[in-house]
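Chain naming follows the written order as A, B, C and D, and within any one chain the residues start at number 1.
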Amino acid sequence: MAQVFTKSMARNIFYGGSVFFVLLFLALTLDTSLTLPERDQRHQLDPSTEVGQRIAEGKRLWEHNNCIGCHTLLGEGAYFAPELGNVYTRFGNNKEAIKAFIQSRPAYGIPGRRSMPRFNFSDAELDAIAEFLKYSSEINTAGWPPNKQG
Amino acid sequence: MTATIATHQDRYPPGDLAIWIFILAELAVFAIFFAAYAFARMGDVALFDHYQATLDKDAALLNSLALITGSYCVVRALAAMREDHRAASVRWLIAALGMGTLFLVVKSLEYAHHLAAGVRLSTNTFYMFYLSLTFFHFMHVIMGMVILAAVAWKAHRGGYSAREHTGMETGGVYWHMVDLVWLILFPLVYVMR
Amino acid sequence: MKYRSQAVARPYFIAAIGLFLAQIVFGVILGIQYVVGDFLFPEIPFNVARMVHTNTLIVWILMGFMGAAYYLIPEETERELYSPLLAHVMFWVFLAAAALTVAGYLIVPYARLAELTGNDILPTMGREFLEQPTITKVGIVIVALAFLFNIGMTVLKGRKTAVSLVMLIGLLGLALLFLFSFYNPTNLVLDKYYWWWVVHLWVEGVWELILGSMLAFVLIKTTGVDREVVEKWLYVIIAMALITGLVGTGHHYFWIGAPEYWQWWGSIFSALEPLPFFMMTVFAFNMVNQRRRNHPNRAAVLWALGTSVLAFIGAGVWGFLHTLAPVNFYTHGSQITAAHGHMAFFGAYVLINITMISYAMPLLNGREANSMRSQVLEMWSFWLMSVSMVFITLFLTGAGILQVFLQRFTDTPLPFMVVQEKIALFYWLRLISGLVFLGGLVVYITSFFVAARDARQGIAPVAKDAELAPVNP
Amino acid sequence: MSSSNPSRSFVIRPCTQVYLALMGLTATTYLIGTAAAPEQGPGLGLSLLVLGFALLKSHLIGDYFMGLRGLHGPWRWVILLWLLIPGGLILTAFVLSA
């Protein structure tokens, strides 16, 4: 009588199953790649346009100052400070309000409270960050977050 | 035949137990998918009914018959092997592979038709389910055919006998699982409304 | 220790524990900053402390994996490591890169660090968990390649067991997927989509292979159960892990701009993700129950069993709690996520590394097991860390539920910062649990010194390695 | 399924009987699906009948093709259980949405 549960069959299932689901995942990724242009606002990113350049610069500043270390962006990041994927709409679709908020942070924080560092951005840099956050808010995120509070 | 072997055969299904664990996991995925389809349909019955009517029931019937026949071929292949008719067994396996190929061709034609009509996963919830369920199953048919081809090759090379053919049983139950899933999928997605 | 070259694992293990301590110290700082917002501000702002906390975690877990590989691969392949020297050199390269990176985080502002390391040439910084300067990432790739070469050559020339092959596949996947950390387009959706190929496909994909093979190795050694049995379970478990985990990546694609069918695919597959972890628990307890010997290292067995249980609770149960799209719509990016992250990382990857260290360190020091006194300390540290981590998780879950309700679910949603103040009580309780955790870690570290002293005084472990009669099936 | 007794070969094998039953039930399902006007469909009653056919067919496959018939213990029931859970959920959803 043959063995009921063999190691070689378990191994075959591991290899076969893994290849199968890798291929399935890649197939779904392919469809995603084809569908994303309708959802991810990539037309705004054209580097030959001024807006596209501002967004790219804004993302660069976002990364160079590790904003994700406190905030979330589309729900990902740290959970220490407010969600910023929708901050543009939360601030009344107003880039100036975003700029004013970043600029008004005191250098030594607010005693006893969570404080955002003072970054001393130039006006052009503030523009870029605000443009990047506006772009983020326009990505089709399937209705998330549930409300403007993020 | 000793008592231990008898109880052993009574208690465990044919084939390697490892494939059964795998089959259970796969069936669990399909079960959740089917239930998800039914409950998603509750949210928009009109949409589901409308787009269900665009599916090709003739093709689905042909495919159902192909898979059932394919399953039957594998049953006969095993029966032949149990009587040591190796050549007949291989012929039945090749017939099963033929049925699998027929399924893939018909299904591909259906996909080509839908793709030409601009249907994608994101078109609407019905097509999302239709394409997801059938494509996931489609991949299983391919997987089952790869397994059957390996089994047929080994049978051809004399790797199985009336006494020892666990590998063929293992491949067989996987192929039947593919059939089993389609037998639910066909009425659920094509007929029921 | 059967092969001399296994000794290269020792510095890796020691560095891993050292970095673990640093990680927890920064974790406590973060815990304080959650309730006393301006603690250490502006010298060490929250984002810097968090970066140190998460990056030291990743580095020490990788150190642990590498040490584990250097320890178990010679024993599995039954030959000396291909190049112990290369392993030593790479250890110092890796440690130096990690130390310099952390020092960079703490000494200069992050933007300055990005400038100094030429991030504009190939921008990869400033994304969660991948904050390391590009040059550090290149260093990681070099270390990983040298490591894989070393391990791969050893496996190629030696006996090929399931444990060593699975470990090798896991490490290979780890290295390959890390390459996606160099892809950073301006398109935020694409950035996030492939960022998960590093993060999710590591922790819910290839790392599970490494975890499984380490657990299988320790169980084979400590229980004496037939390798054939352990290895077939290993294959089944990791097969399930990949079957559910690969498409399970979709649970991260619900709200980042990816198509909406991911809500179905992600929910369905990740609903099954607890399965491999559950199988792992059943497997570990089965193996220990069917043991054919009583290994004198009781602590290692406790860590192994603890891994299987807490990985299931943290990764399996707490993951499932918020993985379904309709639930995740409300919990995404809340303290619920933090609760799950803490328990899952601790249960799965912290504990498996400690299991390995606990099993291997005495052997690397020339004894089969530590003195009973030292083992009792280890067991205390297990319970202190595990129970406090359970409480951290529960308090964060409580905070998360309230946060979700007040900020997202009610008819009158409150702003983020207002909600944070309302749930501060949970953060205080979490901080207390965190301090207990730190205490547990100190006890763990103490156990090594107690073991060394007892060994000098010739105190043997209490239990002799008694061969058990084969357990009846 | 097979026997060394040569007289058995003149009888239709049980597996062939099952095969014919499966084909017949599938054809019936198809006829039910196509008989009604395309925009109307077979309606709840016939749909549930079709679901019942599907579960019966799957049970036959499990028993006769996958070889679960004659087993004792949990494996005997595992496919049936699998059929009943999603079957029950589908039934619930269709009844509720009718």
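Keep this in mind: contacts are C-beta pairs under 8 Å (C-beta built on N, C-alpha and C of every residue); 3 or more make two chains touch, one makes a residue touch a chain.
What you are looking at is a predicted structure, and each value in this text was computed from that prediction instead of being measured.
Undergrad: Write out the two chains that share the greatest number of C-beta pairs in contact.
TA: Result of the pairwise contact count: A-C comes out on top.
Undergrad: Indicate the whole-number Å distance between the mean C-alpha point of chain A and the mean C-alpha point of chain B.
TA: Centre separation, chain A to chain B: 40 Å.
Undergrad: Measuring from the mean C-alpha position of chain C to the mean C-alpha position of chain D, what distance in angstrom results?
TA: 47
Undergrad: Just how far, in Å, is the C-alpha centre of chain C from the one of chain A?
TA: A distance of 25 Å separates the two centres.
Undergrad: Would you pick out the residues of chain B that each touch at least 2 other chains?
TA: In chain B, residues 12, 18, 21-22, 28, 32, 121-122 touch at least two other chains, as defined above.
Undergrad: Which parts of chain C, given as residue numbers and ranges, touch two or more other chains?
TA: Expected reply: 232, 235-236, 239, 243, 259-261, 265.
Undergrad: Assign the assembly's chain-to-chain touch graph to one of these shapes: line, ring, star, complete, other.
TA: Per interface graph, the chains form some other shape.
Undergrad: If I apply the definition of touch given earlier, which pairs of chains qualify?
TA: Chain pairs that touch: A-B, A-C, B-C, B-D.
Undergrad: For the complex, give me every residue of chain A touching chain C.
TA: 5-7, 10-11, 13-14, 17-18, 20-22, 24-25, 28, 31-32, 35-36, 39-40, 42, 45, 55-56, 59-60, 62-70, 72-83, 107-115, 117-119, 135-136, 139-150
Undergrad: Which residues of chain C touch chain A in their complex?
TA: Spelled out, the residues of chain C in touch with chain A are 33-34, 36-38, 41-42, 45-48, 50-51, 110-111, 114-115, 119-120, 123, 125-128, 131, 162, 184, 186-190, 192-193, 228, 231-233, 235-236, 238-239, 242-243, 246-247, 249-250, 253-263, 265, 329-330, 332-335, 337-338, 407-409, 413-417, 420.
Undergrad: Which stretch or stretches of chain B touch chain D in the complex?
TA: 10-15, 20, 24, 27-28, 30-32, 34-35, 37-39, 41-42, 45, 49-50, 52-53, 57, 60-61, 64-65, 68-69, 71-72, 74-76, 78-79, 82-83, 169, 172-173, 176-177, 179-180, 183-184, 186-188, 190-193
Undergrad: In the complex, go through chain C and note every residue touching chain B.
TA: Spelled out, the residues of chain C in touch with chain B are 232, 235-236, 239-240, 243-244, 259-261, 264-265, 267-269, 271-272, 275.
Undergrad: Where on chain B does chain C make contact in their complex?
TA: 18, 21-22, 25, 28-29, 32-33, 36, 40, 121-122, 128-129, 132
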